[in-house]
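Here's a structure for you.
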Amino acid sequence: MRPSKRAVDEMRRVTIERGVLRHAEGSCRIRFGDTEVLCAATLEERVPPWLRGQARGWVTAEYGMLPRATHDRMRREASAGKQSGRTLEIQRLIGRSLRTVVDLEKLGERQITVDCDVIQADGGTRTASITGAWVALHDCIEWMRARSMLSASPLVDQVSAISCGIYDGAPVLDLDYDEDSTADTDANFVLTGSGGIVEIQATAERTPFDRETFDAMLELARAGCSKLFDLQKLAIS
Amino acid sequence: MRPSKRAVDEMRRVTIERGVLRHAEGSCRIRFGDTEVLCAATLEERVPPWLRGQARGWVTAEYGMLPRATHDRMRREASAGKQSGRTLEIQRLIGRSLRTVVDLEKLGERQITVDCDVIQADGGTRTASITGAWVALHDCIEWMRARSMLSASPLVDQVSAISCGIYDGAPVLDLDYDEDSTADTDANFVLTGSGGIVEIQATAERTPFDRETFDAMLELARAGCSKLFDLQKLAIS
Amino acid sequence: MRPSKRAVDEMRRVTIERGVLRHAEGSCRIRFGDTEVLCAATLEERVPPWLRGQARGWVTAEYGMLPRATHDRMRREASAGKQSGRTLEIQRLIGRSLRTVVDLEKLGERQITVDCDVIQADGGTRTASITGAWVALHDCIEWMRARSMLSASPLVDQVSAISCGIYDGAPVLDLDYDEDSTADTDANFVLTGSGGIVEIQATAERTPFDRETFDAMLELARAGCSKLFDLQKLAIS
Amino acid sequence: MRPSKRAVDEMRRVTIERGVLRHAEGSCRIRFGDTEVLCAATLEERVPPWLRGQARGWVTAEYGMLPRATHDRMRREASAGKQSGRTLEIQRLIGRSLRTVVDLEKLGERQITVDCDVIQADGGTRTASITGAWVALHDCIEWMRARSMLSASPLVDQVSAISCGIYDGAPVLDLDYDEDSTADTDANFVLTGSGGIVEIQATAERTPFDRETFDAMLELARAGCSKLFDLQKLAIS
Amino acid sequence: MRPSKRAVDEMRRVTIERGVLRHAEGSCRIRFGDTEVLCAATLEERVPPWLRGQARGWVTAEYGMLPRATHDRMRREASAGKQSGRTLEIQRLIGRSLRTVVDLEKLGERQITVDCDVIQADGGTRTASITGAWVALHDCIEWMRARSMLSASPLVDQVSAISCGIYDGAPVLDLDYDEDSTADTDANFVLTGSGGIVEIQATAERTPFDRETFDAMLELARAGCSKLFDLQKLAIS
Amino acid sequence: MRPSKRAVDEMRRVTIERGVLRHAEGSCRIRFGDTEVLCAATLEERVPPWLRGQARGWVTAEYGMLPRATHDRMRREASAGKQSGRTLEIQRLIGRSLRTVVDLEKLGERQITVDCDVIQADGGTRTASITGAWVALHDCIEWMRARSMLSASPLVDQVSAISCGIYDGAPVLDLDYDEDSTADTDANFVLTGSGGIVEIQATAERTPFDRETFDAMLELARAGCSKLFDLQKLAIS
């Protein structure tokens, strides 16, 4: 029995609330149990310097955590004067994941930045961020379409993410913080709506894992993302 | 007629929702119209180095804004590598205001940090932060009392804050962003429940103001804070 | 009796020495008792990026303190790698105060920066800085007029500043460092030659103050600034 | 045919030269074709603050690249004032990988830092770093054993790493820079000598990949790491 | 004829004014023509961490320049967020020069920091700083002796510095800014009262110089420093 | 007898290996005994902003040290967030030295940056860097000439550098780390092939030195650089 009393293949309750910010071109609040992330998409009519004049756009992401999102207060990164390696790693992952489902030529010379800010953390903040960021990105693109800024949608697929781990030797889906702290392995899977794999990050914390365990986690993740795709569709409908 | 159609002495609708974060010892979400601030109090059993061994505690605050809290996206301070002068100025003001209503000897050698993070900005974020921070601080102290950590409450009074401005020559209460942008003067008043003045910051943007106008703003602020004290009491009851 | 033996409405001896720097377009050394600030105005034929092409100029200020201006040596901000919140707050105040008395359209697309560097500190460095900065600014504008760079003077008024506090329950004018350390309240007033209020910053350090005390401080400040305006006029004549 | 003319399962020539630095407790120069990394292990008789008093040691890594290791000169991170997200990500990966094969209790309260500095880059610098870092770590531990500082070796296994990619639809082993630039997917595998998986990082650059392709890459990586383990053994013998 | 109309071996008028700061344990204002430096010595009853427990003291220096000390305003280093290479180089030179004439054992476990802040720059700021710093250091040590903190003076000699250059092929003494800008070579000499050489920094800006020229500059410097030693003695008498 | 058993005028064995990096336009590995520096020249078709449009080029240098180049590991400057004063001082010296032997007009509007990275340190890293940097610079210029980018060579002379010190009262050539640590004086000489002096930096660590000793060091340096010029010629032939 895992600490959360959930079955090995049971995700936490996931909710997605759209349009939660007045200023952003697209936004949502996504919750995986007690984990809560605010995702806000911003459209800008400019691209990074290295992309200028190439008739292509860019999609990027930034990630942050409120100081008291966690059990113990963490030092504010703005006050520390730099973003941690963990923060940089996560925001690069979110940006890469989103770009895989966007046709940057169709977007035109524009940049969409999706800010993912963790209001409360209970494990799985990066996977919740990716899943919610897609909804904010979708709404930003719809906002542009409503203003006839795009002839065709640059959004080619859905993308979502879920974590798996090994608890007491058994692969389990969607770790919360307590489970993550005791789990042997932390694996994050980013998948597309059409079944493709966008990113796999699987890390043994102490004990290396074997191929069978990895395969089992990948299957759990597939089933989990399938549910997330349904929830995304429901949210945007 | 002011842009918001409000009467000169009419505040926006203010709501305070307590206990919104699972980890923080005290927390609330405060809204002044479309301005929304999340306040979280953290208790730590240590004081800053310069206060060690003096049998006194410390109360401090930090302030931040999500990048898309504003109409145009602002650069994330963690990414810029430093907090702006405006941020530092505001968080110093919040901390000072809270300390005026706390008996630091009674708190003992502990520090309470109140994080005020602006989720959405529409003017008056510093005054909303002070007003909400008091509720989070109150609940943190109640949390300590419930655990018998304090023999007597170190909270000696309420504190709240409200802004005033001069619109079209007339003093008005509680400016929203549109009003603030066009107002001639920006004045912030921090007052205590027992009627004392904790801080006045009144700034002429272009045209200096006169004594009578200032006096009228102070009276508006008194009436406004009086309502805020009632709302704080309601929230903690 | 206040520590300095001065009467409650008695300012320290203030002296202003003009033209103390060879390179600056305007400069002065201002002393309030043992507080000494060097003010240097620099003219540049460019404006900040956000103001370009608007046919308006800009006036700004920077503030610094020599490491041994104070009783105990303070760490050099250049070595610490950043300016403190206090420094940023003060230089923003000086810049705002100066802009209130300048017609930025008449200045044309140019920037004047006034550097206020504290050579020795004994309380009231920000008010001395504002009062001296106005003289340096005035001389910089005269330097431009002598070179026919301006058809009409953009300087529309004088501006000066003075501090007040509450010592032993009584409002007193122009606190020195010892008085400031023991005073209950620190209030800074920035006023114009024609009697307008530019900025009020009044802060209760421990005990909130009441309306009557505040009014008394404002009156002391009016009388004090009146003398400072005379001294400025004397200095530039 | 891949650009390098190598067969899909053919690694570049790998060489490992031990003891290349006079001061380091363990060191090697590892080459994967034109990629060259200098690995240096440093022993310190102290652990990070958060680990003090727990009778356990720590193994960590740092990664850097000489400015002209690459085709175009890259800005020196020391001059830029911060390490890039990529650098932080890689050095965290190296450290994690090494810790999986070290019994930190047996190491005692000491820290081993392995510096991996890229002298020349032609793809696969992170996998070469991990593979070489293990040799430097091994020699550092032997250095300690030769001085009777350890009763038993804390090194429990070998660890090495190799990259795979998808070139023209086919999974290929050990991408060089030209191949990496044109490949659709970049996958890094960190494996142990006893066959366990320590880390998988697989990233679709543009097009998501499917399960079969991933499985094929994993098999290529297993065969590649098997050869790397032989080379490590040869190097330390 | 050199631009300043001075003879090749003619220094600018040098003045040293002692005791110019109220708080510092030793201070002076030194002028070499239009170059003006404020030197302030601070005594602290602690040494840097790496020197603790060795029964020896430390003497160090910091150097800064007010933004408008120069013809064009320079960016404030505190605002730039770091000290320039030139600043660091100069302050290291001043500290080294002072330490050569101090017996650090006799000083005891204390640190003296001499701040050299350039109020106005017209060439030769580093040599003026060294020459003035010695006076501030001397007075700081006298301050300690007056308080019976030292049994014997740790000051073993005088130290001063002067620059030379090559103007129109001829070695000249004590370059001002205009001369320095057009000179081929910039040489700084730090000498002791008893005739020893503490530091030589001679740099060809464009054309290498020969041995004879160097020797001539060294002789000019000897004569110049001889006068500076007299001026130091006069100042402290 | 000096610690290294070398005669007072005996340099360590110096070797220069050219063309050691695949990407750089010029490169070499230079060794002075156990000191090893990698020098890499990079050509860029742009000049620093302040030099634009003047039909002149620029030559500059950067210096770094691998963390374990030294006996004890040094903190990585990229991780510390800034380059030390020592690093900045050395890289400024290398750049100045190289520019003295380059005709910047003939170079055209281009910049050559020479990176000098210390792989292993045993004293004399700055002098080895200058000597090796000249070879890398030479090869970069040859690379340009081979591509007909230059009508005439902008390289007007050779430049090399060597250190001297005073050991046990006697001037000695080319100090290694152990000698440098115990020597009284550290003197670095940068000379040109045609006999000119480019830079002299002579520093008394504790005891001032006299003129005769300085002259003897200069003679030792002349003889040493003479050998280095031969080795440079041999390397590029």
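So that you can tell them apart, the chains are marked A, B, C, D, E and F in the order they are listed, and the count of residues begins at 1 in each.
By definition in this document, contacts are C-beta pairs under 8 Å (C-beta built on N, C-alpha and C of every residue); 3 or more make two chains touch, one makes a residue touch a chain.
Only a predicted model underlies this, so the values are computations on that prediction, with no experimental measurement involved.
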Target subunit E, source subunit C, minimum contact steps: 1
Set of chains adjacent to subunit A and to subunit C: B
Farthest-lying chain, centroid of Cα atoms versus that of subunit E: A
Type of subunit A:subunit D copy interface by residue overlap (half), same or different: same
Chain pair among A-D, E-F or C-E whose interface repeats that of A-B, sharing over half of the contact pairs by residue number: C-E
Copies subunit C and subunit F - rotation angle from C-alpha fit, nearest 5 degrees: 120
Euclidean distance of C-alpha centroids - subunit B vs subunit D, Å: 50
Euclidean distance of C-alpha centroids - subunit B vs subunit F, Å: 59
Shared-contact residues (touching 2 or more other chains) in subunit E: 81-82
Arrangement of touching chains [line / ring / star / complete / other]: ring
Sequence of touching chains round the ring, subunit C onward through subunit E: C, E, F, D, A, B
For the subunit E and subunit C complex, residues of the former touching the latter: 21-24, 27, 34, 38, 40, 42, 44, 62, 64, 66-71, 73, 76-83, 87, 113, 115, 117, 119-120, 122
Subunit E - residues contacting subunit F, complex: 82, 84-85, 88-89, 91-92, 96, 100, 157, 191-192, 194-204, 206-211, 214, 218
